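Following are the structures in question.
In what follows, chain A forms one complex with chain B and a second complex with chain C.
Up next, the complex of A and B:
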């Protein structure tokens, strides 16, 4: 039995005029004690899936179970055994750090002392501020406190909805280290993020886009499955180059990607020299460099997007 | 804040009229006319603002808002009164403010009637011969002998304040958690809906009780109103009423999506409840449909009970039917709020 089982879940949000399909026939499963990443842009349906799995929202179709309990029938059991950290900071801002923690411990009929070992590593970082009101904490500390509160009842499954959005890079790194250590303590973690670089830190990831799952696999496999040779192109006027690349009949995809343009060709037998030859004849003054590179998660995501 | 309201509102909500501006058009200039005018000014209710030469001029004063009432004494008022034993006066009241107008007219009526009676005695030399059968009515005001409007208004205003605080605070509460998002975190916990609602009610209930106590102290110290009935009965009612009204507020809160919406809905109901509570105008004089609405208004019951207990000294058994009604409201609103509060959305 997998810890999280999602079977053909669909959810449509209806407004007066139109209906938005937030989740479209989604199926996936999460193994015990793994960090499962839900990767997708804003509006892909990540939060909707989280809300269904944490019994806050009813799906239109399909069924799902968390830790063996059905999200519809056994919702009470799920509420006792999962920890949920919503994307928006949702602790009581006018309670202090300590009060929030005690409050949530009491709600789950437990005490802070009882499960202190689980949150100790995280809580010690915010302990100097324990008499400060939660609303006055910095973004990173808020997330740490929220994580503590989500863990205080020793959940078996942890749902984290975009925990690192709006958090500085150092805190993000720390946060992921915490998740890794929680995983070692036997907690299954489902985390969503719009950051592709965080995908590598998950055991398995699912690409989600406009309510559909594009692919579910380990980050390594997903990168390996990248079917094309990938080239990186650099020059002086990047925008001009991008436009030229898109005019080149042999190019299949070309995207701006930081300092480089990532390019794939229709025919994988062609070499980087041919791109260079084409670009230097078209734009002689641009000082073009072209090299073959290893694809990353983001490249894979773009490829899946184009396929679907 | 409620304390200040309790101090200010009863003074503003007065039914007593003082300083009604009077404009006189005296076309007679006789002794009787002078006596009549003196009677008006001596009553304390009227303030003679001007003598006008003509009706037109007096009307102009009304237009300028300098006069509320015009007393017109016709020429030969005294002569006709003595000769024909009757005379006419004209009284014009500015009725923009209906209640001022009504009161001014009735005060003026009483003064003229008294004046009339005095004149009659003087003119008729032989009263025995002309004795008319007169029914003499003696009033006796029970429970509020000196018709002190404060005694009547203050208990009602206390109820209003309790309702305002309870209703609005509760209405804004759950919805503010919805806005802040904290409700998400609560909803994933195993907390029961009933527990959640009850835990929302208790703090406001305590606040309400404190306000009620402060209100009763103000009644005693400032307005010198001591309840004739027992404090226990009052508190029993306040306790159950607060519970009912908080339930109503929470019900609004569970239906609303944001604080503005909750505020407007609460405001809408609160206005209707207050105006139809019998606090300012008696329910029995309202149109039929309004009386039906008043029956569904928890405020009207508590206002009635407060007055019955504080002024009349009704015992708990006298008002137990009201108590049951308020209990009913409490059960209805709170159950409804619990049922309507969903931890899972569709």
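Up next, the complex of A and C:
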């Protein structure tokens, strides 16, 4: 049996006037000791799925289980065994680092000493500040403390809802290293993130958009499944170039990606020279460079988005 | 089984400790909670008073004889009046009121003494400014009683065969001190404010901060969360009761006639019903502002206006009297008056007791039913 099993879950939020479908017939499964990433933009339904799996919300339709326990019937069992770190910093700001940790250890029926091994690597980084109030910690420190608190009862499954949002790049990297080492200790981790670059660090990922799962696979497979040749285009006035590219009848997709525009063509036999030829005739002063590149996770995401 | 009980107790104690951290570290709020009863007692005890002393009085004495002098002397001796003006014409009477120089004018007609002796009858006119009817009524009562007293002293000298003397005794509050009415009221108000409002805000704060999300996804029994939150406020409520009693006994000279421990026990019962009311509010409110607003509108205003604290319930229209009956403070204030002022025992407050217990059970039952083990 898979550690997390989601079967045709739907959830609609009703307001006075309209109803928003947050999750639309979602199914997925997470294997034991896997880091499973839920990748998608804000409002895609990531948090809703987390809340259903952590028994905080009830799904309208479908069923789900965590560690063999049904999220509706056996919610008490799930609450004993999972660790959950919500997207918003959810510790007590007026309690010190130490007091927060001690509090969460006690309400999870354990002690800090009992499971200290598990959090040792993370806790030693914030230990110098253990008498500081949680509200006065930096963003990265807060996340580390929250992770410690979510881990203190040695959960079998760890749910992390956007743990790295608003955290600096160095802390983000450290955070993912911690997740890898937790995985080695036998914890199944489900993590959501809006950052595509973090997708590569997961064992498997699910793309989620407007409540629908677009694809579930390993990051490598997802990149390999990218069906088209991908070109990167650069020039002086990037906006003008993007507009011209979209006018080009042979172009299938074109998106701004950092310093370059990523372009696919309708006919994969065509070469980069054809794009260059078209652009230089249309915009002679723009100093156009075109090259073929390897697609990344984000390109795949855009492709799935277009297909759906 | 014993082990799981031990673990539960440990969880519970830790949670209570955390609540105390929250309260003790928010120094300003703590100070407010502890000082509020003192401030209210001072306001009601010294600033707002039903007794009206040292009113300026104008006298238009047309008689200027023995009897009128005696009456004026009697007014002078009273603590309620200062004779500020002697006036000599009828026109001046209105001027006195227009210029706010006098609150009351007495007019003694000419030949007062001789009329009194000759016909056994004489009239005195008392004129009051009724733009504030409550004050005017009180002043007229004071003045009438001074004149009546003079009259009875006359009667004693003359040997009139039949006379009925009324002897008034103000039971339980012989000096008609206003402290007797406001101390029970302040107790009801403070306990309602602190216990109900603060508990509701404290629980809603966890929702707002997002910590409720983490607490729910834990083995902690939600009922434990609620009880643990209420305990510090229960304690603060008890401290407030003791402060108010100490202030009223030592600073205002108001004795506790009945059993002190019965008084304390009834106060604890009231605190518990307020806490359960606060809990009920917290199940309805999603933000601290909403919790505060509901507390103010649903708790504070009815407690102040409808509990009999300021306005007597008997004078209210029927509809308001019904509402007054569902205000917990009404029953508490009745009990406190009975125990504290009349010195009555449990036997005479059991009915109010039963009502409060019933309300508490109702609030608790509804809020436990409404308390969400999930988020929506």
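General observations
Here, the second predicted complex is superposed on the first by the 308 of 308 C-alpha atoms of A that agree within 3 Å, B and C clash if a C-alpha of one lies under 4 Å from a C-alpha of the other, contacts with A are read in each partner's own complex, and residues count from 1 in each chain.
Everything below uses one rule, namely that a contact is a pair of C-beta atoms (placed from the backbone, for glycine too) under 8 Å apart; a residue touches a chain by one contact, two chains touch by 3 or more.
Predicted model only: the values in this text are computed from it and were never measured.
In the model built by aligning both structures on chain A, chain B clashes with chain C. Of the two partner chains placed around the shared chain by superposition, chain B and chain C are both touched by A:57. Residue contacts after overlaying the shared chain place A:223 against neither chain B nor chain C. Applying the stated contact rule after C-alpha superposition, one finds that A:112 touches neither chain B nor chain C. By the document's definition of touching, both partners, chain B and chain C, reach A:79.
In the superposition on chain A, contact of A:20 is made with neither chain B nor chain C. When both complexes are overlaid on chain A, the residue A:102 reaches chain C alone and has no touch with chain B.
In the superposition on chain A, A:238 makes contact with neither chain B nor chain C. By the document's definition of touching, both partners, chain B and chain C, reach A:92. Taken together, the two complexes place residues 54-58, 75-76, 79-80, 82, 84, 86, 88-93, 104, 107-109, 149 of chain A in contact with chain B and also with chain C. Those residues of chain B that touch chain A in the shared complex are 180-191, 343-346.
Across the complex, chain B is touched by residues 54-58, 75-76, 79-80, 82, 84, 86, 88-93, 104, 107-109, 149 of chain A.
Considering their complex, residues 51, 54-58, 75-76, 79-80, 82, 84, 86, 88-95, 99, 102-104, 106-109, 149-150 of chain A touch chain C. Chain contact summary for the complex, chain C toward chain A: residues 7, 10-11, 14-15, 18, 21-22, 25-26, 209-211, 213-220, 373-376.
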